[in-house]
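Input: a single structure, listed below in structure tokens.
For clarity, chains are labelled A, B, C and D in written order, and residue numbers in each chain start from 1.
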């Protein structure tokens, strides 16, 4: 059986981990197969979880989260016959598939939408843990905003510096209120479980929010502008489908191959005007075919349009 | 006169407490719609059914021996050290600094250095609350709680801002060098022809923990300092009459306690993770409280209780893996053990004492009672 | 540099919200400890209350049912604490530790069993949570310079539990220093034998103290899950019980001081969310970790007696033992 | 015949294995003062606490004014008109006098009216019984004499008809005691019934109408005071004829061993407890320190024994001794040849949970003889303990038994054995026979005298004047942190010492 390990924040974070879970569930529903899963309780358990599944013969083992890289680096070599997939990080081993996403591209699109929807010309970004990966989201987002409205202000905050920042809705909520007081009328949450608090508060206070990873539009129908879809579910689904003889190596999921995108459904149909859609789709195409390059924060640890 | 014989005191009371905790835990499992018998079977097979299971059980037990001894020695001095968690975190920092910045040629020397580093940092972290207790009367329970939080902040700062390697997103140090890798039980036992799981993290630190148990036993029961610590814990007034300084004993006991808690890091940081991660302690500092209470603060008791909790920990991890019982079940069990062996001690003890008293009076012949005349 | 940004209305607004659970828990601890029962289980009681209030609010759709359930859960843990430390004269600190773990474990266990959402409750909607209430004339006043925004933004618009918490401060003061119950409560924390020989039940008084503590912790927890947030997540108290304990020491076991202490600690939490403001105001970066640790550091400084000595109730922490 | 104010029938009470009261019956007539005497631990306080509802009796009945009354708690006792002043006061230290008085007897739920009413009533009571107190004073800031008045007022405020006083004069000067007795006299005139627990036969003879004697949890006799004598009461108390004087030869004092000059001690609260003590103890002599408890004797022992810091100069055999700093603790004192039998053996002299053998090493546990390498030589300590137990006739002679399992007298023997067998130059002894039966008292006295006869210096502190007079070779009386005067036992009497103890200096003319 394949196995899936969720990162801290838990499988029902309505975001990153839940996307992974949805991919696994989709696989189980379509194939009728079963899979093992575990939610981490603490940093220190990563290696044990990996080893336990490997010992028990699970194959492939998919782990959602960059923080597994070190543990996987240790474990992979001990189980050469087991295939591993790590999401959001690169681990160089013969039996590991590393899947990374071009989050900056998706974020760019939702940034454009935020700028177009904003009336105050101030939009917010709330990140989870302050790491380069999340800055990558923020930077892509800010570029999208500026592309539409060069004078717009982007207010960016991070929730914390430790993994606890993925699961602190109270802080998310307070940060949202603070951004509203600074004039923001659209906020983008790239913060795992913390985002639940962001979206909630945005809905309560009557501003728009943007979800992340999963399609979060349904959480507050009519109040979530869109969601930056990071198709972790697809990555998990593929890995599970490929099974024990999956191809290993490095895999980038971007706009071009449908790895990222924005969500449009009945919950936000009224919020997204046709002109908005057209503009965003146009940019999307340009990015996909390389006409437009969105700066990736992680390429040089800096962002041309946003200071952290 | 002692109402209860000593054997009852050291075995009956903790065992009944444990039984009560077990019954309640079983009820909890039933209440969430699972089968307690199957759960126990799974825990036993997962924790004790293979060398892999044993490897994890002993790995956790090693942690708990250190923190249990730490709490126990403070208990002997009449001090309640809730700060084991923070002291163990700082111990981890000590190990990391020692191992990252000095190129040790061999694990043996590195281990000695790591022991010194971890004990030093742990002791240091205990020293401030101890000093404040001894000199300024600040309640050590509150200060050690506060120091746990401060330790978390310190560790957070160090890992996020200082020790995180460039380009890494993990708030963790880089990996220690290969040379300081501690031999696991697998490597230690292989020369003797004993097959032990390669995957399990139990390592040579277990031996150190056992040595620590013995040394603490010697210290407490076989040295003048031990007598002083114990007498200070029993009666501060009498200790003072004997010229046993309150400041000195408080400091010494807490330094040893903090040092032991810190030394846990040689197991989890140096032995297992081989780098320092956030929350490496995983609550072991608090489990030390349960272990010390259960083990009646005696090193042998601590040793046994640590293994019990190691079993619970590993068994609980297995439960979480193969059933829908969350790992928090262990936290509940741990809470119940602390509750019954610690706070509700009298609930178990009082009926037992009454029973033994009744037994004794039943055996002893009634003394002749001479009638007394009421006054005129 | 903009020093006054440190007192930005939105920061103060956040302060009020974040200080509320601290204040309630701090007053809870105040009753318990004034009655001679130390309580390091505030955290656990709050956590249990947070979960049960959210769970019941989610199931019934009524936040009031949730509030009652939260108070009930917290009271049950209080009862355990009372049983251990009053009836069986056990160690109050150990009992508190056990209660914290019990709550941490049971909330997740039950949440998982009831909702299968990894230890959280479903998000609360509509009547399932406390909405902010707009005080009278908030709109009208908002244009008045200076005071207007303070009234309409800072004072108005919080959930009812915030106002309950604030009213608890004078209430606690009055009960403690102006009523018979308060006199007896303070006495039983100072010298239970005096209360006993005066013909008042020590056990009864102490259970009352622990019970009030349970109710207040219950409100605190319910506020977290149904006022501040719209649902429960695992370990959502995040050390607030210990900060409340720190505030209690900071306040030297006095109600009005408790208000100031919790506002201070709430402010520290609020400002920690806004490193931009701090940097703007002070001109240099302050590590968030330092801000996070500040309440604890301040408490240790207070405990060390460098800034006024904190003397706890004299009989606090000691079981009342008449006969061995 | 009027019904007795109080009648107890068959009261029994055990604390775990200790039978504190055994089948006790007693009758107290209204409008009388009834004394209760008995050795320490005889069960007097326990009996009265049962009457007051503080403890619950295991068996027995209580009749108040002829009515059978259940007294499950103090509330019921108060309702039955009983008030009690405990041996250790039950006051809330940081409350005002008024708050202490109304506590538990408030009128209504709010404090202000209660306080106002109490203030008025207090004024009336003050005038009626001449009991002056400041209603707004904080308890911890007033003296013990005043605190005792508050306790009495508490009882009167609750309209007590029956007043129990448990060792009320232990903390009072003779003058204060006299005033208390005047108050008691007035209460008696008012028709109130008073039960007075005391150790002092003089007080019994002076003011009681009847007296009951307790021994080892039993009531041995109740007699009319007018029909008895101190000797008779003493005999009833201990169960056999009492030898009042210790058998000893006259002292032959040698060189000065301990020389104390201008010794001062300030306590934690900043109060000066010793105000310039000068004294000398010579080899081969016992200096007895007499005084009412709380006049600095304890502090004197503490500072000499290294428990507390002080200022002034002390020399031992001509060598000066540190009064503060590193070398002023109990261990340094012992190293210098000062042994110390503290006043409270259970809290200071012994660790009750430790085995006897650990207790015999305690304080000397770092002696070279007790070590083997870095470890303790427990076998040597045990062997030595066994020998000491045999020599001092400790029963049962089991080194492994915990100290708490020995009776009071035997516990004291363990402490004495530990300290005397060290062969010290100076022995400090506090209350050596408190709570010890007469047989053991004789033994202990003999040991102390034997040490003196070996040429050692002994400083004896005791609140028992009889003990001081019979054991000491020279008597110094302390009052309020000072030595009021020195007397030779054979040239003085209890009356003269009593005046000195009350602060009336005989020397000053």
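Note that contacts are C-beta pairs under 8 Å (C-beta built on N, C-alpha and C of every residue); 3 or more make two chains touch, one makes a residue touch a chain.
Keep in mind the model is a prediction, meaning the values are calculated, not measured.
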item: Chain whose Cα centroid lies at the greatest distance from that of chain D; value: A
item: Centre distance in Å when chain A and chain C are each reduced to the mean of their C-alpha atoms; value: 35
item: Separation of chain A from chain B, taking each centre as the mean of its C-alpha atoms, in whole Å; value: 40
item: Chain centre separation (chain C, chain D; CA means) in Å; value: 47
item: Centroid spacing, where centroids are CA-atom means, of chain B and chain C in whole angstrom; value: 30
item: Set of chain A residues in contact with two or more other chains; value: 161
item: Shared-contact residues (touching 2 or more other chains) in chain D; value: 16
item: Residues of chain B whose C-beta touches two or more other chains; value: 156, 160
item: All touching chain pairs, where touch follows the definition stated at the start; value: A-B, A-C, B-C, B-D, C-D
item: For the chain C and chain B complex, residues of the former touching the latter; value: 40, 80, 83-85, 88-95, 97-102, 104-106, 108-110, 112-113, 116, 119, 239, 242, 245-246, 249, 287, 289-290, 292-293, 296-297, 299-300, 303-305, 312
item: Touching residues (chain side chain B, partner chain A) in the complex; value: 52, 56, 156, 160, 167, 169-172, 175, 198-199, 201, 268, 272-275, 277-280, 282, 317-318, 320-321, 327
item: Chain C-facing residues of chain A, complex; value: 10-13, 39, 157, 160-161, 164, 167-171, 173-175, 177-178, 180-182, 193, 196-197, 200, 204, 219
item: Chain B - residues contacting chain C, complex; value: 28, 31-33, 80, 82, 128, 132, 136-139, 141-143, 145-147, 149-150, 152-154, 156-157, 160-161, 286, 289, 293, 324-326, 328-336, 338-339, 342-347, 350
item: Complex contact set, residues of chain B against chain D; value: 1-3, 218, 222-224, 226-228, 230-231, 234-235, 237-238, 240-245, 353, 357, 360, 369, 372, 374-376
